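Two complexes, one shared chain (chain A), two partners (chain B, chain C).
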Partner chain A sequence: MSLAIRKCSSDLLSITKWVVRREYRLLSTLPENIEPANTDVDEKAPRTGRRPRLQNPVLEYRHIYPEFLPDPNPKWRNSLREKLERADMLKRRAKIDIPEFYVGSILAVTVSDPHAQGKTNRFVGICIDRKGCGLRAQFILRNVVDHQGVEVRYDLYDPIIQSIQVLRLEKRLDDELFYLRDALPEYSTFPFDMDPEVLPDGTPVPINDVQVKLKPRPWLERWERQELKGVSNIEEHLKEKDRKRRELRKEPWEKYDLMKQYRRTIPIEEQSEIWGEVYNQLQQMHVSRRKVARKRVLATPKPQLG
Partner chain B sequence: MNQAEVTKLVSKLRIKIPPKHRKMSSPEGPEGRMNKLRKTVTGLFKYERIELNHNRADEARQYAERLIAEAINHGDCHKPTMEMADYWLLEKELVHKLFKVLVPRYENSNTAYTRMLRAPRPEYSYNTEKTVLELRGNPYPPLHNKQANNRQLLQNILLDAAKYEYRQTKYAEMAENIGKNEQEKPSV
Partner chain C sequence: MLRRLLATNTLRGFHTTACMNEVRLLTRLRVVDNSEIGKRAMAEGKPPKVICVYNKQRVGYIGDRVMVAIKGEKKKGILVGLKQKQSVRVPKFDSNNVVLIDDSGTPLGTRIHVPIPTILRTILKQRTHAKGADYTKLLGIATRFV
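== the complex of A and B ==
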């Protein structure tokens, strides 16, 4: 009898540990982990000239919340509108938990749908693209349902979204996964009853280096010209003509175009201002969510784990 | 609406950046444009002061500023920055100059690293605006001499004379007043 009790208590402990870990995981790429890495680099290399400037650790938020940065196109910049949008985004984030996710992560999104049974609709899929900024930020989920590819585009701050859950947090080798549309269906098939996977505390977001196989042509885009890392069999489907064209279309000078890079990014000074404005609220939200999640799980441990 | 790229961090330039690049017509297309700008940037880093057409100067200035900013931010042990300097500076000794001379020069400055001044237009020329592009802190004599402090300038000589005259009249008035007061005092 006593043994059984002990076992139960140990189980409970393990569950709590698991939960705590899970909650820490949410923001693993945040400054706490980034700072020591920077100092390491500094110590390792004895610099002849000068050492690089230390970056503001708050800037690491740009990977987790890229939609807080405005569109870099100067025609569309408006500081007041941007500020109001950020305030609205924070208000929405206070209502609903929008977790950290990346292109390549597998998400489950529940939206309210007046025509569905139970008034809600849940879709599971891999995030193949993330774009837009401010309140217009959106992401596309892809899945194969009954041998038919399905893609749903959600607005991140849409009020009809009831919950966003990350089932598997990972990145892929590319920034956009549109090539999954031309890949074999097994690469974009995910079961709707998938269990959320847990990453241990403090690990960086894993990069899934799976290389997909494309179906034979015709394709939706000229994938061979895009220098994709996540496709394995692209050469099989090419003719000599395509290879020649690819060589002609290459733009090796583009990576040296410093002003092109500059026009696509928001400079450090502006970013620090933006993150300084939203940092406190995001941090508070994160901490309070962690507390609530801990309480909830301690009250009712999940049976599947015990 | 596009999302800003987050993989690279750049520091803000201290010059005005037009919303779009100039195409710089060239038979080789965008590659030719880059080659033209490379030549100009190399010339600027070598001679520190060059005179050229406005369009090309303004375009090359942005690239020169970015290159210096990258060098200041990342230092000489950062491989991508080194590759960038290697691409932009056609003469390789200038890479050493960038990291050993220019970076220490501009490290603590809070203004732009280059200066662009309008040069006189050549007579009977087409409508080409000429510009002088220079690195700040270059060893040459300054282009715009500050005339306000030049005592030998005619306007300043005249102003000085006028001030002197005014002062003399004031002194004379004061002397008269003192004399009057002294005359009045004994009577009271």
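== the complex of A and C ==
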């Protein structure tokens, strides 16, 4: 025990260093060793992208393209497989535009229908979950069609997907929106003929702070224990017993568990390696797609005027 | 803290995994066609119960044939939408939906008023044999495919 304590005190410096680095990661900044790599990128960004966002591409891209980061579980890590998968993902992205979207955005997915010859199938819905890494990245769309709640799960890199269109780009207050299954149907009803809403360049992704109302119990999950921000009327459905149990089940020490957080995330050094590998191609694709989109926007008003 | 942990331990007396939402014996279903018997059963708040699933596993999956007890009668139906987790691109519904058919596969109603999974086109075609019942008639009365 005493030995351990002595060892701790001697290693204090390294630990503090490590903690500081960790803090850096949480605060979305970088250690010094990859600063020079960013500077030339920063010069490039205003020339091409004209998107005055965060200066650091790594921190921006881990939100836009989360599936490029591997699963942090060391059991499932394999650097060669990850590399091959990234190459395949880039190849697929060269063929089809997979736009930036988040949980809470409204998407329209068109797939070619293998069950009906030569037909396509379009589904519109709110993205309630996005998970998986690499080629296995998935998202779930939810909509209420003809008063019937429907959810469809899609693979992001599914070869039979013909197009993914973002109709409304926004985020919600929570990371997963499974509570929409227990919410009133109007919160997950979206018309299939919705027009895409275009955000002006350079605006940050808006956060929709709508708070949904849940239907009375029974619920599919114990929402009261999940500290949801996007639900307004959770308290009125609870009994004294539920409140007591929620208190008992709370884990307020979780946020101080640095090791747990470390195991859940990819260290910034590995991230910078990954993004260094794919940054150029992603950036090129993004720029060329923007050019095409701008041309289209300029071309369309003519017939309307005439 | 210790007391709190102990209290949590004493509460844990049963397992709390999520339910599988399987369609098996005595599951209540929702009739989604406009057949007279189905409409009345749903309006009275007495949805049909599964009394047999015609497959080896005895668990109903999408496109499976079931026998239901509805308003004191035995009817056959086809599962056209499940709550259970589905594979990729197959829609998952908020309720277990059934369309009532007779022995020859002809639906009792004339319209289905909820979306139908498009995978049923393939499944029902496979289940239909030249001399047996023709289940693909059900697809003709569907209004919308997802």
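Criterion: the second predicted complex is superposed on the first by the 231 of 306 C-alpha atoms of A that agree within 3 Å, B and C clash if a C-alpha of one lies under 4 Å from a C-alpha of the other, contacts with A are read in each partner's own complex, and residues count from 1 in each chain.
The working rule: a residue touches a chain if its C-beta (ideal position, glycine included) is under 8 Å from a C-beta of that chain, and two chains touch if they have at least 3 such contacts.
The model shown is predicted, which means the values in this text are computed figures rather than measured ones.
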### Message
In the superposed model, which partner reaches more residues of chain A, chain B or chain C?
### Response
B
### Message
So in the superposed three-chain picture, is A:146 touching just chain B, just chain C, both, or none of them (first/second/both/neither)?
### Response
second
### Query
Should A:248 be classified as contacting the first partner (chain B), the second (chain C), both, or neither?
second
### Task
Tell me which partner A:67 touches in the superposition: chain B (first), chain C (second), both or neither.
first
#### Entry: Which of chain B and chain C A:210 touches, first, second, both or neither
neither
### Task
Would you check which partner chain A:154 touches, where first means chain B only, second means chain C only, and both and neither mean what they say?
second
### Message
Taking the superposition on A as described, I'd like to know which of chain B and chain C A:59 touches: first, second, both or neither.
### Response
first
### Query
Which of the two partners, first being chain B and second being chain C, lies in contact with A:123: first, second, both, or neither?
second
### Task
Applying the touch criterion given at the start, work out whether A:292 contacts chain B, chain C, both or neither, answering first, second, both or neither.
neither
### Task
Show which residues of chain A both chain B and chain C reach, each in its own complex.
none
### Task
Would you mind writing out the residues of chain A in touch with chain C in their complex?
111, 113-116, 121, 123, 138, 145-155, 158, 181, 220-221, 245, 248-249
#### Entry: chain B partner contacts - residues on chain A that touch it in the complex
45, 47-53, 55, 59, 62-63, 66-67, 69-76, 130-134, 136-137, 251, 253-254, 256-271
### Complex contacts: residues of chain B adjacent to chain A
1-6, 8-13, 17, 19, 21, 30-31, 34, 62-63, 66-67, 70, 72-78, 84, 87-88, 99-100, 103-104, 107
### Message
Per the contact definition, I'd like the list of chain C residues that touch chain A in the complex.
### Response
4, 7-8, 11, 18, 32, 81, 86-95, 97, 113-115, 118-122, 143-146
